[in-house]
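Presented sequentially are two complexes of subunit A, the first with subunit B as partner and the second with subunit C.
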Partner chain A sequence: MTQRLPAKDVVVVGLGWTGSILSYELARSGLEVVAIERGPWRDTAADFNITTAPDELRYGIRLEMFLRPAQETVTMRNTPEQRALPIRRFGSFLPPNGVGGAGMHWNGQTWRFLPTDFVIRSHYAQRYGAGFLPEGNQIQDWGVTYDELEPFYDAFEYCAGISGEAGNLQGKIQPGGNPFEGPRSRPYPTPPQLQGYAQQLFAQASAGKGLHPFPRPSANISTAYTNPYGVRMAPCTYCGFCERFGCANYSKASPQTCVLPALVRQPGFEARTECEVLKVNLTPDGKHATGVTYIDTQGQQWEQPADLVLLCAFSFFNVRLLLLSGIGKPYDHAAGEGVVGRNYAYQTGSGSTGYFGEGTHFNPFAASGSLGVAVDDYNSDNFDHGSVGFVGGASITCAYTNGRPIAYRPTLPGTPNWGSAWKRGVKTMYNRAMGVGAQGSVMSYRDNYLDLDPTYKDDYGRPLLRMTFNYQPNEQKMANWMADRCDEIVKAMGAQQTRIGHLGVPWSVVPYQTTHNTGGAVMGTDPKTSALNRYLQSWDVSNVFVMGASAFPQNAGYNPTGTVGALTYWSLNAIREQYLKAPGPLVQI
Partner chain B sequence: MTISTRRQLLASAAIIVFSRAAFGHTILGKLPWRPNEVYPPEPLGSPGWHFFTPGEAATVDAMVDRFIPADELGPGGKQAGCTVFIDRQLSGPYGTYEWLYMKGPFPADPLPSQGLQSPLTPRQQYRLGLAALNAYCRGKYDNRAFAQLDADAQDKLLDGMEKGEVQLPEFSARMLFGTVLANTMEGFFADPIYGGNRDMAGWKLIGFPGTRYDYRDVMQNPNKPYSLPPVGLKGRVSADRSPT
Partner chain C sequence: MRRLFLVLAAALLPIAALPFTAGAAPDDYTQVERGRYLAIGGDCVACHTIPGGTQWAGGRGIQTPFGDIVTPNLTPDEETGIGHWSADDFYRAMHTGVMPSGAHLYPAFPYTYYTKVTRADSDAIYAFLRTLPAVHNAVDRDTLPFPFKVRALMLGWNEMFFRAGTFEADPQRSAEYNRGAYLVEGLGHCGACHTPMNWAGANDAARYLQGNVLQAWTDPNITDEQRIGLGSWSVDDIVEYLKTGRNARAQASGPMAEVVVYSTSGMSDADLHAIATYLKQRGAAGPAAPSPRPADDAQMQSGAVVYTDNCSACHKRDGTGVEAMFPPLRGDQVVQQTDPTTVLRIVLQGAQGAATDAAPTAPAMPAFSWRLSDQQVADVVTYIRNSWGNTAQAVPASDAARLRKRVADTAE
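And now, the complex of A and B:
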């Protein structure tokens, strides 16, 4: 039997970056906010303690802090004709669980998407002609522009203390920064991180090729910092335990280091952890949300009424909650209609590994999740696509994020995987191998989408989300072209031998690739092709807003979190300035 | 309830009773942690094998010593504690895949891109797989078990298993090979607190300094050799040397 709780103004589903920022800002405005999170509470002092945090087996391999597939997983197939099977062990991506969400165990690479990324369809049509876009694509403009988002990128970067070098300050190109970036209203809050020997070689080699190297923007911050919420961070020590780990140094921006200490002090705020939201409740006409139903750790179900429902779970789980709750028309692949589950996208990874001579000491263990030197010359539409014949691009970066040896054991190509020859090989190359990687965009296609699985269910009997995804020919062409560019740079850096890493096809769930899962509840200007309006408000149920990368109409050649943060502040601004004053649809159709 | 058990429960959807709230766990007004509240990994526990039979342990000892032979570069897998490591991993939550999605159906013909689709837990893989390997050896090598073969014969057999050229009776040779090799490498390079990487042999081989957690000096001195010895979660010492 479901028990009904006293009503709140706002219920937040999921307490990661987006949920904690919205909770803080709305509680500060005087609203009663309850955040419901299915995983445990986590805090630096107890859970990322320096005496337990740097443990590769526990956190990096057994994945203690991630969502466990036994709790929830997704089923997967490459094409719509295939039978989907559950991802029994997460590999290619690692969804989060618990307070802090993916913002707790991320690497911290914090980008702004480029101005052209937000208007990609109209931009390509204008520059190259409408016929240039790939077959089967559903590429869309976002419905929001870079200029509109700039103040909100700024807000997120100052919340998180991001370390970087501005490349474009109010329209003026700055030496040492990314000359392709959109104009910034002010510099990064903290200066760039230190770079290692490999990054120095990369900067020289890429500049020698006429490219424009700059330090990658980092949420592992270079110096002590106090953010606008009054929360203090400490400088990064380059320990090499970022992604998959909590930071024991208070150096990696996360909800824990940037928001939660201020949030819990807000009198109108309450968090309920180890409580899983089962669905958003609607009025009988389906047009208004009345709150959520969740289940606690004893199996008791509770109804939490609220005036405003903010879905702040990881991208997949926002989409699944919409589908399970009957909010928005589900995407029907056969008919090419419907919006919830439409335009799922991901990220490409390709590049080149270089093997250097004796006397090289790259010291890969001295690293942070987002140090690195990057070039953006081949990203988005920063170069002429007319001759290359593909859409999209990639950020190209030389970086170590870590040298943790269960997972990082480089050997020369052709070395056996075991035995004395392997021992010699890994001893020789651990300190002499380095990589240059291209993180590329993935466009949206009719055949890449999310829906509910007909066979596999979770512990509560609810269908799992089903993913249908493969890298399409456009992405394969782009990523492999980028791998060749990476290889040219690695050779120019002085590598004795290189190995090109092409895009793996078909996409496989097995090797880790990236947790940049985007789309499925995309924002836009047309309710026939987007689940959300430009303020991340559901077209169908106006008191439901959906945060996160599930709103991306397609993915750009960058990590998503910077844009997720910007969209959160953008949506928050609309909620505060427009919605709360006159609840209802913010965009009329 | 011990601390570590509590943490395992907290991170899963398991059923727990909280005294502070009638449902779930409520956080109000202040951060819910106490100073010095940490959650260390499970200790290695009592000496002796926790999962393996003596015969299984001898087989795994032989395998880990071919995967990582003792040679002029340093200790082999057995001396480095890889078998102890695997034994303790199998007796813990890893051994049952309790964190994974193990609901059926398990179709026989998954796509390679769909990854793990076997209902066999690691405990079952070792129990059935090692028995199959030894049955194969006894049939082919004059009634000798894997551990009784000479190193060359062991290497040839492992090579054939890796390449899919050897068929074991009623068990996938590739699955057994892949599981044991992966677990051996985990044991050789994981923190010594888990029973492997004894005397930090794995870390010393490649020059990984372990859990020093502060390399600002390295960043300020690029392309210089790193000379400090490795440290683990327990400092410069290895875990206790149970059970062998």
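And now, the complex of A and C:
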């Protein structure tokens, strides 16, 4: 029996980065906002205590912050011909659970995508000819340009206090920054983090090759900072417990450190945690959302009516809610039609590990999730693709995110994986190994998509989401080419020995690779190829907006959060300036 | 700032000049809003509400050396609140500590300070309280053990320690100073916590605002004393602290965080400036500094190690902290109070700062009781009390042990 609750102006599904920013901004505008979050409330003071937060076994290995597959999982297969099976232990990616979402346990690498990334199809067609794009691709322009997003990148970076060195200030290239980046209206809010010895070697070696090293932009901030919401952060202590952990030092930008302290003071805001939204409710004609139905931990179902529904869950679960609610036409792989589930993409990882001589002290434990020096010379279309024969690129970075005692155990190739020889090998190499990694783009393809699984259901009888994904030849070629570039740099840094890490194919659910799962509810200009218009508004149900990386038409060679944040402020601006004044479709077709 | 204050004072004057009336008209909006503001200044709601309970309905236990006193229901409920009180009754309670029945209130209700509140201000507060929704909440008002439960004893106590009176402005001082004095000495009742008590629980007028220990918290010296008082704080430092709960020097926690949240963060800048001016100008008083512990002292050496391992990431090796997040310990007043209770308590139990609209982040310090021994706690506290120019008495492990038991019994 579902009980109906008093109506709210806005219901927000999921209280991570996007949900908390929208909740705060809309509650501040005077709207009644309720956020419904599947996981528990999490707060720095209560949950990320400095004396207990750096517990690698509890958080890093046993994954306390993450979604349990028993709560919800996805089924996976590599190709449309295979039968998908449920992931029963998350490995390659780790979906979040609880207030803060992935923004709470991330590493904090906060990039702007490049101007070409947003117009990638038309740009490649113009420079290399339409036939250059890989077979089976569904690459498409975003429907929004870098210049349009710039003020909103800026808003997110100033919300999060991001530490970095501008490379392009209002069109003027700045020394020490990334010369390839799009123009910024002003510098980063805080200066870059300090770098370690390995990063110094990398900067010298890459500059020696004519590349352009710069400090990676970081959400683990370098100095104390007060954001425009009045929320205050403290400088990073380089403890190396970022990804998979909550930050106990108020240093890593997250909803907890940047938004929630201001949000919880808003009288029009309410959060209901440990409540899972089952579906978005629609009017009988399917054209208007009336609110959501959710279930609490006692099994009681509630209907929460609302005028505006904002889907702010992790990318997979936004897509699944759209499919379960009947919003938008589901992607039909056989027919090549439909939009919800279309253009799922991911990220490539490849690189090279270098082993240095005796007396080298890299001190990997003095780290942060986003410490590092990067080069962008091989990203997006910053280099001539005509000769390399692939589309896309990668950011290449020399970084230490941590030197934690359980998982960080580098050894020379050929060292046994256990026993006294392994222990000796770890002792020898702990301080002498370093990596240069390439985080690469993944284009969108007809054969990479999400839909509802025909077999497996969750506890409530709803079909699980099924992912069909493999690295296509274009991505393999790109990632392996990048690994060779990384290896050249590592050798120039003076490594005695290197080990190249190629892209693992077929894509496997183990080991951990990245939680940059994108697409499935993409934005665009054509309702036949996108689920959302350029303001992240559903083409089909105009009072539903869908935030997050699920809106990416394909993935770029960067971490997604900076762009997720920019799109959130971009959409918020459209909601506040246009939608609330005249509810209805913001783009007419 | 000064202009603001004059404007405010001008706004208040005509009301203060009105002839006394037996009962304010409940629909007098200006009177009610003035009363609401004054009630904030008096921090009434903090004591007259159970944490998480209905505001103003009373029931909170106030710890005193003589036992717990439970606060009454201030809503206008006829039976369990003060619905049957007149404005005269209310003023009599404020001014003399006597209820309409003739029974005496205990000075946990700070009538010893409220006696200086003007009749007009009392009437405004009364008018505001009349507008609250009546809440039926019967409170046991007689929780003290014998003999203290005999309220008539207060006759003798009042005879010895209390003189009803009104605030007398000092014509030698500025209007701002006098406004601050009126607030601090009257409605704000700052001295109730910040002044040492004698054997009978009465504030020792000779050591006014020189610090106290109540409910296992040190209420620091708030005279202009340099080492342990507000001597090194500017007027603006004090205003920022009272307004936001923190400044570059300190972070309000414990009972003062409550005062900031319920009271001072809601006060006007002009009144906060007046309070700060008064506190800065009325003079310095306090004990002479002891000589600092030598660096080769065993406690200091052990404390330095504990500090480096547990404290330095946030408070920094040189004790400078992180501005407005992790308070500096170098030159900190609370750290150097003669009585180390607060600093011991924060190490053992942790603490969280006040969250206010101006400073919504409420950074927390975790509890270290589970991983530091009494000796380690005493050593690190001794170390921070005697490093970077700080000087204060060494703290024995027995103090840490006693407080550990006390806060374990009253886990918050």
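By our rule, the second predicted complex is superposed on the first by the 589 of 589 C-alpha atoms of A that agree within 3 Å, B and C clash if a C-alpha of one lies under 4 Å from a C-alpha of the other, contacts with A are read in each partner's own complex, and residues count from 1 in each chain.
Here is the rule we use: a residue touches a chain if its C-beta (ideal position, glycine included) is under 8 Å from a C-beta of that chain, and two chains touch if they have at least 3 such contacts.
Keep in mind that this is a model prediction, so the values were computed, not measured.
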**Request:** After aligning the two structures on subunit A, examine subunit B and subunit C and state clash or fit.
**Result:** fit
**Prompt:** After the fit on chain A, how big is the angle at subunit A between subunit B and subunit C, using C-alpha centres and going to the nearest 10 degrees?
**Reply:** 80
**Message:** Touch test for A:Ala130: subunit B only (first), subunit C only (second), both, or neither?
**Reply:** neither
**Asked** On subunit A, which partner touches more residues: subunit B or subunit C?
**Response** B
**Message:** Going by the contact rule set out at the top, does A:Thr455 touch subunit B (first), subunit C (second), both, or neither?
**Reply:** first
**Request:** Go through the superposed model and pick first if A:Pro86 touches only subunit B, second if only subunit C, both, or neither.
**Result:** first
**Message:** Going by the contact rule set out at the top, does A:Ser420 touch subunit B (first), subunit C (second), both, or neither?
**Reply:** first
**Request:** Name the contact category of A:Ala207: first (subunit B only), second (subunit C only), both, or neither.
**Result:** neither
**First, second, both or neither for A:Val388, with subunit B first and subunit C second** = neither
**Message:** Which partner chains sit in contact with A:Thr237 here, subunit B, subunit C, both or neither? Use first/second/both/neither.
**Reply:** both
**Asked** First (subunit B), second (subunit C), both or neither: which does A:Ile50 touch?
**Response** both
**Request:** Report the closest approach of subunit B and subunit C over their C-alpha atoms in the superposed model, as a whole number of Å.
**Result:** 5
**Complete:** After superposition on chain A, the subunit A residues reached by both subunit B and subunit C are 45-46, 49-52, 237, 239, 248-249, 261, 264-265
**Fill in**
Listed in rising order, the residues of subunit A that touch subunit B in the complex are 38-41, 43, 45-47, 49-52, 54-58, 61-65, 68-71, 73, 76-78, 82-83, 85-89, 91, 97-98, 194-197, 200, 237-241, 248-249, 260-261, 264-265, 267, 269-276, 296-300, 302, 360-363, 365-367, 403-406, 409, 417-420, 423-424, 426-427, 430-431, 455-457, 459, 506-510
**Item:** subunit A-touching residues of subunit B, taken from the complex the two chains share
**Value:** 10-18, 23-35, 37-41, 66-69, 71, 73-74, 94, 97-103, 105, 107, 110-117, 155, 158, 162, 181, 184-186, 189-191, 193-194, 202-203, 205-216, 218-220, 222-226, 233
**Item:** Of all residues in subunit A, those that touch subunit C in their complex
**Value:** 44-46, 49-52, 224, 226, 229-235, 237, 239, 248-250, 257, 261-262, 264-265
**Item:** subunit A partner contacts - residues on subunit C that touch it in the complex
**Value:** 310, 313-314, 322-326, 352, 355, 357-364, 366-368, 370-371
